[in-house]
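Next come two complexes, and both contain subunit A; in the first it sits with subunit B, in the second with subunit C.
Let's look at the complex of A and B:
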């Protein structure tokens, strides 16, 4: 289990000082400064605020890609499905993997197949178990 | 009494179709799993598996029929509870057990129900008794009729003719309203123990609450007429359960809450993630802590984790949904409780038991209070 400082060094070693890498370090600082019970759901909007951007851009997307990558595993990606009635459903991680593998998504409440499901998906992030245990 | 003939193997395709039509997928897949029945991803693959010849043994088909019966008795219901004198209840149970129901269009197809074509072909189906069955720990009188449900659905603009697409191009989203006629199963349940009797009417997603309340009134009247007395009169007021269940720290997981404050605001809060409880949510706790006066809840939804087998768990949900206006009134009342996501009688009776427990606690508190006043 790496500490936050060790993770930051690792990011620096692999991705250097590219803007996305620098943003990922700021996000790690934020994640380790906030009590974990306040990090149950981080949306793109939340992460924009953390790094002081009005909206997600290429650098922020790069930073998130770094943080969810298997090399550092700082953030876990989760998904909400918002249906036509605007009801939100958190998608089970196993179902999400199966959806990505098969390209077929089943509405968790109705059990019916949803076309164009990607348009109804909203990703969010939570600190990984390894980040929580390393700090 | 209706006794299902388990010697005759039911029609699997009709059962699968009825289950799919009535039961939300989340509890359905848990119920199938707990009964050892095959399932796939979603209804399409599950129904395909269930109806494949030779897939199900005769006892599995009977189990599937029982699953449908349980859902008709317990699934997706808006309920009201009535107090009934123990002697009257015992008499009614004795009488109802010995009654031969007048054959009608619903008794003939119980529990599978009418086909879509039969529902479409006939305009009028008065409320009638479809069955009287032994349910878990009680007797259930099952009424049936056909009701119109309203669904709001998104319309894919690409499916429209060019002129319509053009006319609607200004809008980000196009919604259509669809009305569907569906056979409903409305239950008067008389438990062998206790003094509470419930009426449960179908309340699937998309049904207007006012329509379910109308159904309640019709079933209550039909039952009273059938037994020849005012056996069910005024439903119990559940309003005070909203606060007492919310304030019980270990009572399930609060997933939705609405409340008023003495700082002249109304708050609506909902957990966006599964298994997280609003009672423990940081913003919620901090807000409450900042107030000198307690919050005044008027709407709550609670989920419980119920063990069906060693490794299958269901998540039935109770909603007590009142309004700020009712909360502010001199004598707030709420007669309806909504019970969703049940896999069968185990889940339903678990929630019913919690309602009974909290109603008894309130009655005890009121009794002690009146003794204090007298003393």
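Let's look at the complex of A and C:
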């Protein structure tokens, strides 16, 4: 497992000082400075606050891509379904994959088919196992 | 209170393909979805290369490939050029859970040259392991009528390799896919064959200079007539 410093060096080696890479380093600093119980759900809104932006932009999306998709694997993507009553349900990733494939989403509690489910899906991120173990 | 950004909010806020490619990649939860995100990102970069092809007429393969890799990295992909994976592969995209997408870039000069790229990709660079079951042959085309060239390349490939199955590509009318059992792993290995049209021969100036030449010759003829 790589430590936070080693992860940051790796990002720096691959992406240099590109704005998205610099934001990803700031997010790693945040993740390693806050108690893990406060990191159970990082939404886009939370990450904007961490990097001091009023709303997501291209650099934040790049930073998230670096942290989630590359081999550094600092964050993991999860998905929340918020229904019309504002009740929140975390979606199992396998169900999410099936939903994307079929284009059909069934409410996990009521069994009702949800039209325009992307308007109810809120992505969020959690620190990966490797980040937790490396620090 | 923080705004809860839904997928729909993000798509509406960022309709630009480069944003969509980033999102597709970090929302991907399977290698299949990662392959799709990579292909969309490469298509987006290829569109940009085509749009600025007037500046790319004398660039060699390596420089064009470097442009692709730089753009992919700008989007947050872990892309590299000339990385050693059984040899120096042109485009390497690595990702979580052993994801590895390899691309070989060739400037089209002959179908044998493209076939060499196909063989490099499928027998030298890729191991065909799970998570590494897809790649791309990127074909820089400086000739006219890319669609015809791609059809001929497809015919050539089938003649050389009767074990290859061809299918169309839903993302682009110019691209196609080939699948064959990987020599090393035995798993199906899919290669997306995608051209980057770079032909640039504007005719407006030719027409103008022809017009000018005709006007001049008419003037000369009139002068001669007057003498």
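Simple rule for what comes next: the second predicted complex is superposed on the first by the 133 of 135 C-alpha atoms of A that agree within 3 Å, B and C clash if a C-alpha of one lies under 4 Å from a C-alpha of the other, contacts with A are read in each partner's own complex, and residues count from 1 in each chain.
Throughout what follows, a residue touches a chain if its C-beta (ideal position, glycine included) is under 8 Å from a C-beta of that chain, and two chains touch if they have at least 3 such contacts.
All of these numbers come straight from a predicted model, not from anything done at the bench.
Q: Quick one: on subunit A, after the overlay, do subunit B and subunit C clash, or do they fit? Just give me the call.
A: These partners fit in the superposed model.
Q: Which angle, to the nearest 10 degrees, do you get at the Cα centre of subunit A between the Cα centres of subunit B and subunit C?
A: 130
Q: Does the superposition put A:104 against subunit B (first), subunit C (second), both, or neither?
A: Once the two structures are laid over each other on A, A:104 reaches subunit B alone.
Q: With both structures superposed, pick whichever of subunit B and subunit C touches the larger number of subunit A residues.
A: C
Q: So, does A:41 touch the first partner subunit B, the second partner subunit C, both, or neither?
A: first
Q: Once the structures are superposed on A, label A:112 by its partner contacts, choosing first (subunit B), second (subunit C), both or neither.
A: first
Q: Nearest approach of subunit B to subunit C by C-alpha atoms in the superposition, in Å, rounded to an integer.
A: 13
Q: Using the superposition described at the top, list the residues of subunit A that contact subunit B and also contact subunit C.
A: None.
Q: Of all residues in subunit A, which touch subunit B in the complex?
A: Touch residues, subunit A against subunit B: 35, 37-38, 40-41, 78, 80, 84-85, 88, 90, 98, 102, 104, 106-113, 115.
Q: Provide the residue numbers of subunit C that touch subunit A in the complex, in ascending order.
A: 2-8, 10-11, 13-14, 18-19, 22-23, 25-30, 33-34, 73-78, 80, 94-96
Q: Which stretch or stretches of subunit B touch subunit A in the complex?
A: It is residues 20, 24-26, 28-29, 41-44, 46, 152-154, 156, 175, 205, 272-274, 276, 280, 282 of subunit B that touch subunit A.
Q: Which residues of subunit A touch subunit C in the complex?
A: Subunit A reaches subunit C through residues 14-15, 18, 20, 43-46, 48-49, 55-56, 58, 61-66, 68-71, 73, 77, 82, 93, 96-97, 100, 116, 118-123.
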